[in-house]
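Inspection log for the structure reproduced underneath, given as structure tokens.
Chains: A, B, C and D, in written order; residue numbering restarts at 1 for each.
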């Protein structure tokens, strides 16, 4: 395939799973009577529904891995639209390189892993396992991020603030080309999105470009502010539930806020609910695969309502999310609008004891 | 074990593997004639030695997972001391929660995973798989970080700059209690250490505390500056080799600098050498387990000298690092002292074409 | 839980997933437009349906792992009943310890892995990950197998012949207590079931008992005869498709029949279709995780219609099997009744060339 | 690589690791003070040495996966030669396709997984992950097995008996071309080798050929006899230790003998020591990855001296076996010569109570 052309590689776009069209309640109920991952997934689905039914609970969704390039974007979009999630902590890949990228009108394409990566390199096509992306379209996304960075007043920002700016950008004119933009939906619903490793994605390229050309005076990314803000959210929410897809920084960061609050002497609870969908193994000692029971030793997660599901996300998340969607407990939930709180400079900040 | 006491749990400290005392050359040579992981590890060891023998190559070490709590700290210390590494990209856990923590005189302890995590919680002991930590000692570390943050002029910093400050702190008086502090050694050898997700560790707690108490004027963490600085390093180094332990943000971040330079129109090469030791599976599409050949499609890594090794790090790294240490190619290498370059405000910065 | 009682542990029986009640066609079609495991599962589902629609193709189902204790038994029962499978190669655990065991009226119970295995030992409860079994009921199964062995004329048998005897036993009087016995259904439908490692299960205990008490004259298990019989099936079938759940001996054994036929100089084709659902990793070089492309180098499997799915079976098999069931291509298939062929002593056996 | 030739592919033979030349004692002692797999491997090494030092303990080595093609053959050879193992339970791949195959003078070759398997097929080269084999040489091995089968008196045999015949064949004239044949060494040392799924390898092809051509009167493989014989070994040995490389049938079969003895009412102990080296995950519920604690619920393995090591075998086995070899506890062990017992038709057989 030495001389393969981009147009031959980018033919069939990935399409996103639509939970509103698939009711998995009876399947999940059947799985609850089985064993292994099926039963675990059924229990996790039930716990997610409990989070939504618990009036005191705010739901924090954690996203790691290449989820949206794989067709899981509309699921999260529907969760945002329907008050099924109150805050998001994600890798930059999902929010910036994939959701914002698609919001600009670009696509991910069905590819294959049986391929010569040098030929892809020549064709300017990037690969994520079995998925292809137009490298030049990614460049457009990078440049848009650079523009947005350039439009900001030079000072430190949380990633959440910048992602809100990205939402504002998409809300402007015809900038947004799709109906299922999470960045835009979260902007409108005032759902905060945190990307604690924000330079580790297309936004990093945008800010690199912005700062390189403006070495003296520029916007910067303050991940400590992210942490401060998410602790604020935790304090405001009485109880919290974590729905974690994959591990990595989002899992670590979201779990850590209870410890952060404790360090400040601020009264708060461990996360009351916790679900993780992952194939990571606990035996290498890394956080991505560490059990939620281990997190209890750290004071992060309570163990009554915790469940790990051993599955790649494209199989488990559609089933879990469809279940919760059709159970409908979210219908009685109000939007938390945490962005409003975080943006309100006059809102009182709880005083630290230590 | 309902009423277990901390003193019963924290008895046997983890001790660090010493590559200077174990010569694995003949073992690695024997493994090069086998198959599977043994042969892969032998080839990776050879590639690392080639990086060190290649006068034009700078070595970037990427660290993810809980490596230093597991006894791998002195290996990286010896690599820093002996010019076997020119820059480090790491998770915060390794550098802050584990190396800096031990630099203050604290220890990690041999524990077990067969344990009641609620009992650990009551005893104020935190668990990493089979390793125990004194939660109160971690608190001392958090507070020290808060002090260091408070001592900084209020402006954005790269994580590298703050870690240099941590090194300076350890170099002061008797603050450093151990002989194998990586943070201190890197400070002295002017080896930059980047932690792109810097709020995702004890430093996050330190900066949270600092900023919470100083909401109007405070030091902040700018991970875009990290990116700018590592691109500078890449431009200064003719060639680069990546030695990656685990995946996560460090792998992604370090690979991305070639794309970042390309985006600015700055002439640079893909990473010439790349090694990754990991147990992550490629089949979930996440970056941690993605093959180095996939990275070639993105223009990140060349494929002539790349090798993935499927192993948990505590088995593979001692063998690989001992091999390279005793081969001795590092003896002819000069220290790159990239911190000097990055700290020199008058150093000319390559002009971007785009 | 030192003094836990059996009756406290064995309360909630595992129930089996019913593919006739869940139509996953639209879900699978949606998954075919995604990436990663979802797309792989959709393609595998399509390939299975193609096998069933291909009039020249016989379907060989391979079963490894603890599938039936986990609620997957009725799926295979329905496949047997509806001509969706023409031969089965399995571990003994599935067919003897689990299907035959349940046929005698016993159950598997929902348990947990968070348990003290010494306490289970004392309570005479056996554990499979999160599933509990009454050890005394297993003993009844072992003894029944010993009885059946004792009823046989002393000579070597293929496992298939013995499993047919087990089916005959269940067909007698009220011996079979359930409606979804695979052993009984296969007996009635004349679908051969092979367990090449037949001593590695409750049947092993049964034959151990039988032979120990009858050292001079006894029935024996000839796995070479299994191989001969499955090669006969391969020769009779023009084309074959493998649907493999897990790896192990069943995968190896079923793949090997093409090589066996070749060795005898008998004209046959590689397996035309091949699907494997597994979480095994290819990187340890073991056959369970080896790719189906690797199998092509051995002349076992063609690569046009092959698909591996990276998933634990309780998630993937219900979706795949429901899809194929509701697509209905099996409705035009005739039962192959290979047992009739294999039992017919006068049936001509193809002459070997070598 | 459409027209690649066999001679281009089969150039560099795999060479076997020699534990007598690498002393890993100090490395293992250092690893015992670390965490994760390194500490687990150190503890497993210590347990294996304890088995050898325990005068009442017989060691049963279980082998699954493609170990000998990967360079681990001479390790097992040295273990047999030096009374470090008293019985072996293996897959056929290791003993027949790889050890016996190499005993005939053939080799395994260093290959690569980055290859077109169709081209290998055309070149008559078979692939195991990154290893190549001459398909025609495998054919010679199959035919030799067929000859050996043809030389046997027509009756059922345990795999152990047939493997002894293979050893006798190698002991004849110049049939054995190598110095490190396990089959030959075990024959001479009277160490029984069991392959419970004996038809699932080159022996299967040999017996297929033999029986196909002699349908009326032929030697057959009785795996129930294997089970009987290994229970005999268990009864004769006071205590037993399992050293398991990989999982599969060998793990299951060897663990089951305590249950088999119990079923006959014969007094025996659980396995006192148990080690498993594997990368299999416990979360799919299959036996290969099931914990040794789970085995305790079944009455198979005691939990005082059990250790699982999460590693691919080519990394862990050389370290563990070198440690035990150089510790030298085996020097005081006598050869158990269980073949002599099993072959003695007049040896009294313990009477079953049930």
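Here, contacts are C-beta pairs under 8 Å (C-beta built on N, C-alpha and C of every residue); 3 or more make two chains touch, one makes a residue touch a chain.
In this text the structure is predicted, and so the values were computed from the model without any measurement.
Trainee: Among A-C, A-D or B-C, which chain pair copies the contacts of B-D, with over half of them the same by residue number?
Mentor: A-C
Trainee: So which chain is farthest from chain A, going by the mean of the CA atoms in each chain?
Mentor: It is D.
Trainee: How many angstrom between the C-alpha centroids of chain C and chain B?
Mentor: Going by mean C-alpha positions, chain B sits 47 Å from chain C.
Trainee: On a C-alpha centroid basis, what's the spacing between chain A and chain B, in Å?
Mentor: 25
Trainee: Any idea how many Å lie between the Cα centroids of chain A and chain C?
Mentor: Centre-to-centre distance between chain A and chain C: 40 Å.
Trainee: Send over the residues of chain C in touch with two or more other chains.
Mentor: 35-37, 66, 69-70, 128-131, 279, 281, 283-285, 310, 312-313
Trainee: Can you list the chain D residues touching chain B in their complex?
Mentor: Touching chain B from chain D are residues 12, 14-18, 21-22, 24, 26-27, 30-31, 33-39, 41, 69-72, 108, 110, 128-131, 279, 310-316, 318-319.
Trainee: If you look only at chain B, which of its residues touch chain A in the complex?
Mentor: 64-66, 69-70, 93, 113, 117-118, 120-121, 125-131, 135, 139, 142, 156, 196-200, 204-205, 207-213, 215, 220-228, 231, 246, 248-249, 252-253, 256, 259-260, 263-264, 279-288, 290, 293-299, 303, 312-313, 349, 352, 354
Trainee: For a test of understanding, state which residues of chain A touch chain D in their complex under the given definition.
Mentor: 35-37, 281, 283-285, 310
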